[in-house]
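Paired with subunit B in one complex and with subunit C in the other, subunit A is shared by the two complexes that follow.
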Partner chain A sequence: MFMAPAVAIMAVALIYPLGYMIWGSFRAWDPTQTIGEAEFVGLKNYITLWSDPNFRESLGVTLRFAFFCVTIEMVLGVGLALLLDRNIRGMSVLRTMFILPMMIAPVVVGLMWRYMYHPTVGTFNRFLERVGLSDVDWLGSHALTSVIIADIWQWTPFIFILALAALQSLPRSALEAARIDGATPWQQIIHIKLPLMMPVLIVTGLLRLIDSFKVLEVILVLTEGGPGLSTEILALRISRTATEFRELGVAAAMSNYLLIILMLLTVAMFAFTKFQEIRAARVRMAAEDDS
Partner chain B sequence: MPEIRLEGLVKRYGAVQVLHGIDLEMADNEFTVLVGPSGCGKSTTLRMIAGLEDVSEGEIYIDGRPVSHLEPKERDLARVFQDYALYPHMNVAMNISFALRLAKRPKAEIDQKVRQVAEMVGLTEFLDRKPGALSGGQRQRVAMARALAKDSGIFLFDEPLSNLDAKLRGQMRAELAMMSQSVEKNMIYVTHDQIEAMTLADRIVVMHGGYIQQQGTPEDLFKRPANKFVAGFLGMPPMNFLNCDVETRGTETFVTGAGFDLKLQGEAAQKAQSHNAKELTLGVRPSDLAFSQNARPETALTLDVRVSEYVGAQSVLLCECGGASVTVEVNSETPMALGETLVFEVNPARVHLFDRKSEAAL
Partner chain C sequence: MDRSHEKQNPAFYAVIALLVMMSVGPVILMFVNSFKLDVDIISGTSGLIFMPTIQNYETALCDILWYEPDHIDFCSLKFGGAFVNSLIIALISTVLTLVIGSMAAYALVRFRFFGRDTASITTLMVRMVPPAVLLVPVFGLWNNEFCFDRDGLIGGAIRDAFGGRGDVCLAGTHSGIILIYVAMNLPFVIWILQSFIVQVPRSLEEAARVDGAGPFQVFFKVILPLIKPGLAAAAIFTFRIAWNEYLLASALSDRNTKTVPILIVNNMSEFNVEWGVIMATGMLLAIPPIIFTLLASRQIITGMTAGAVKG
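Let's turn to the complex of A and B:
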């Protein structure tokens, strides 16, 4: 009975739109029709999507985008955290500056980078010209790379602060013991710091992965998915299918594919934390048995 | 095994100076205990020897070689931490062998060493466990085994027993004492517990306020404390202190204070007479007072018994003497009633006298 309000809110805010989307994905649905008028086509939307080269291309772009973004962000974020985990003067100011990109609205980030990537007046090409190098076609032939760079700029700080928090909660004395045992700074990172940070890093990585599958604004502003389909990630394709191609049913089916991917990642994350808890509990029990 | 020498060791944190020039020499195979209340600088001294803390001034020599600019690993030492400082993601065997693996020793040698030290500290059946699955005492043993496996000449202990419960602490203390006899190493042990210091040390260094107060064998320090601090710090229950004045009556020397008038004998009398200041502090250990109803007043203290703490064969009486509190250790069989006024004879050879201002022993 006490759960009733929560259940009611869940039903209105979550189940209803979700159910609507799933229901709609089984229909050939035009925005001029109500959902009742749309013709029921079963799994047709899902099946045609699989043979649609544009959808596959878009899925591929999304996977590539997510993979490169998260990998590079993890390496950079953790690397920076390891580098800046020390008490020297001005470090707190530096740390605050590092997390600024995360606080900027994605649309602004997109506009900013679009300006910087501009072929003639953009910061990058002007700089390249000044040092005597040839221009780079940032948002043309290198569009996906450029988009990935912008995402890395924006989200590396997220991993940086979480990794830094993990680092600073490591047991100091274990690190001192490692120094006495003869570990070089590099060996301390490999043998002590990284393994102990791993649980936090795995969850952080999964969170970023989930986020990067849903990214929309920055790419919308930067390239609108172009040129061609080279940066058309799934979220963008879904929105275009619904608005430009006016195929609500197909868009809903696509959303469900994305949802399935995200669900799998979320389940993986929960499974991981659950696994950690169970292991910790088992270890505690074993310790109590002996003492 | 290496000899360690500290020369004018100073430590400052910003404007705060916590160590004021520590000079200390530790000989071959010696078990040295640095003891003192918290904040006395003993742990800082140990961390500086280990290389975990920078030296502000002075120098540390190991075998005559200055080492204060060297990294910990270049100093050939092993250390047992207060919180054990085990590597939580490695099992016991990996913890023990970490230093050897970093040193790229051959695998057979590592395996043999791990088995050897595990057997020494009784961990053989736990080699596959992670530290999280061990009890406090077992973790303590792993920390010990890890330090032993390193085969360094110097062994540093930073309050290794203070996280254990009382019973286990006593047991581990005894094991440590046995180990220190069989292992030929130069050991430096930091503790705030005077019982650990007394039982383990070849030599005790008492520290207070960033200075060394006194160093010597446990017996030396117990019998001939250099000042009031050392006298009060070592020994349980602690020494009684009573303010007194020296008076010479004919050829005899007396110390008088509120509620007592004691005649000094032998060495104590000579010292009191030749000392300039007449205001002193009398120190008597609780075990140097004996119940004796017929003792003459000039050899005894008359005490009002307030509380009796029964601790088995012995009882500790909390008494009062002219407004000052005095503890007495007596045999529990002695019939004693609270609220009574009783006479306790002072062992004249075990009377301690301190200058009241400088607190130094006469």
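Let's turn to the complex of A and C:
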């Protein structure tokens, strides 16, 4: 009785649309038709996409974007967490400031960065001019890098907060023991802190990876996928195929490719957490056997 | 461990100052620019020496101002209307998600339909689905399938009442957008609230039941007040997504149900960007989340860490 509304809404607005999409991906479907009128074409949409250089380019851009964003964000976020894990006054204020970029609408983030990247009036090029360097064509020839920088700005704090939470829940005794044994700060980090944080870090990284496939608005506002296809990630291509080229069937097939990638990632993540649990349980069993 | 604050190296504070500047700087830059005239923004007399003006805000809000600003001939930017739409959609979807989600979470915890694992798998799965993937089916369904036939009983009544031609569909209505936001946010809310409901002692509920309270009374009068912190965290996350979302809203809304993000994107893609006005709109859109962040950063961090650490 308490469950009924939730189940009904998710069935109508999530499960049914996803099924509808999978069904639609086998049809030549344009927005003026209902799905029943669209012609059934089997796997044609998938095959066309697979041999479409634009789709491949877009897939490549997506993977590159996700890879660089997540790697750099993980390094920076974890590094900052290790650096700032101290008893300092005003830590909560600091954290509040750091989560600000995440809470602001992606559209607005895109807007701010588009201004800062502007070739003549933008903050960066003005600064470069003042120190006597030549302008950089941020959203032109370096578009992908610029987009990645904007994403790093917005999402590094996420990793930082989670890594900090993980750090602060580490068992104090292990750190204390290491300190007494004379481990240098670097040794403490490499041999104790990082291995102990690893489970949380991996989950965080995977979450961030999944999310980085969903980034769309920032890129839409910054570059609209251009110049050329250099920043057109898959999510953006799906929405353009659906709304500009009006090929819903192809867009649905593309969505399914994206879903398959994400599904693999999610399964990997789930398998990993399960694996962790089992290992933890085994360690606990072993400990009990010993005693 | 001593709880006193350690003395740190000055270089350390310099690093912190730099970090804060990097994370807050762009926001402040936008704030400052939203008070500048376009001439000032472009001419590059940068720094803080300029005449602050609220002209940009007047242009942005021209359709709901009670007076007519002198510098505007024609009010083209319908920001006020979009703002109201955004507010309606975000608020209603937040409230609905919380009510439905907390009920479902309660049922999952107390009556044990499925294990907690099922709930976390669903949450993960839904978190995985990008809005762009939902775009195609939702666009098709909302326009073609979720309609009342115009000759039918309900559809006819709605059409007579509100006018319009063709079938009455979900697309282009507030409820259409709200429905998809509720569905998108439900799993996360259910999952977060579960961990709070588990901590409510059973004896409290039994005491209430002995005193003659029905199941709904127990739920609304005993459980809900006890999980307020969880509700706050869940509310902020739901509101943020509904407030900031662009893609699905742009596919589902029509001229009258546009939300603020759509307005901003539409004004950005034009060749000649009016930076001052667009920054003012951006600032107005950013203000509610900023306020939430300042007031409830603790809850946000709780929600965020619960989302990953227990994942």
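The rule we apply is simple: the second predicted complex is superposed on the first by the 278 of 291 C-alpha atoms of A that agree within 3 Å, B and C clash if a C-alpha of one lies under 4 Å from a C-alpha of the other, contacts with A are read in each partner's own complex, and residues count from 1 in each chain.
We take it that contacts are C-beta pairs under 8 Å (C-beta built on N, C-alpha and C of every residue); 3 or more make two chains touch, one makes a residue touch a chain.
Just so we're clear, the structure is a prediction, and the values are computed from it rather than from any experiment.
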Worksheet item: Once subunit A from each complex is brought into register, does subunit C clash with subunit B or fit beside it?
Response: fit
Discussion item. Just checking: does A:I104 make contact with subunit B only, subunit C only, both, or neither of them? Give me first, second, both or neither.
Written reply: second
Worksheet item: Touch check for A:V200: first (subunit B), second (subunit C), both, or neither?
Response: second
Worksheet item: Touching A:A286 in the superposition: subunit B (first), subunit C (second), both, neither?
Response: first
Worksheet entry | Arrangement angle, subunit B at one end, subunit C at the other, subunit A at the vertex (C-alpha, nearest 10°) | 90
Response to the item:
Of the two partners subunit B and subunit C, more of subunit A gets touched by chain C
Discussion item. On the A-aligned overlay, A:A13 touches which partner chain: subunit B = first, subunit C = second, or both, or neither?
Written reply: second
Worksheet entry | subunit B versus subunit C as contact partner of A:G182, first or second or both or neither | first
Item to complete: Name the contact category of A:H191: first (subunit B only), second (subunit C only), both, or neither.
Response: first
Discussion item. With the superposition applied, I'd like the minimum CA-CA separation between subunit B and subunit C in Å.
Written reply: 7
Response to the item:
Contacts from subunit B onto subunit A in the complex sit at residues 50-52, 71-73, 77-79, 81-89, 98-99, 102-103, 129-130, 132-138, 146, 150
Worksheet, complete the sentence: In their shared complex, subunit C is touched by residues of subunit A numbered 1-3, 5-7, 9-10, 12-14, 16-18, 20-21, 24, 29, 31, 34-35, 80, 83-84, 86-89, 92, 94-101, 103-108, 110-116, 120-121, 123, 126, 153, 157-158, 161-162, 165-166, 172, 200, 203-204, 207, 210, 213-214, 216-217, 220-221, 224, 234-236, 238-239, 242-243, 248, 251-252, 255, 258-259, 262-263, 265-266, 269-270, 273
Worksheet item: Which bits of subunit A are touching subunit B when the two form their complex?
Response: 171, 173-174, 176-183, 187, 191-192, 195-196, 280, 283-284, 286-287, 290-291
Worksheet item: What does subunit C use to touch subunit A in their complex?
Response: 1, 3-6, 8, 15-16, 19-20, 22-24, 26-27, 29-30, 33, 41-42, 44, 46, 100-101, 103-104, 106-108, 111, 113, 121, 124-141, 143-145, 179-180, 182-184, 186-187, 190, 215, 219, 240, 243-244, 246-247, 251, 261, 264-265, 268-269, 275, 278-279, 282, 285-286, 289-290, 292-294, 297-298, 300-301, 304-305, 307-309, 311
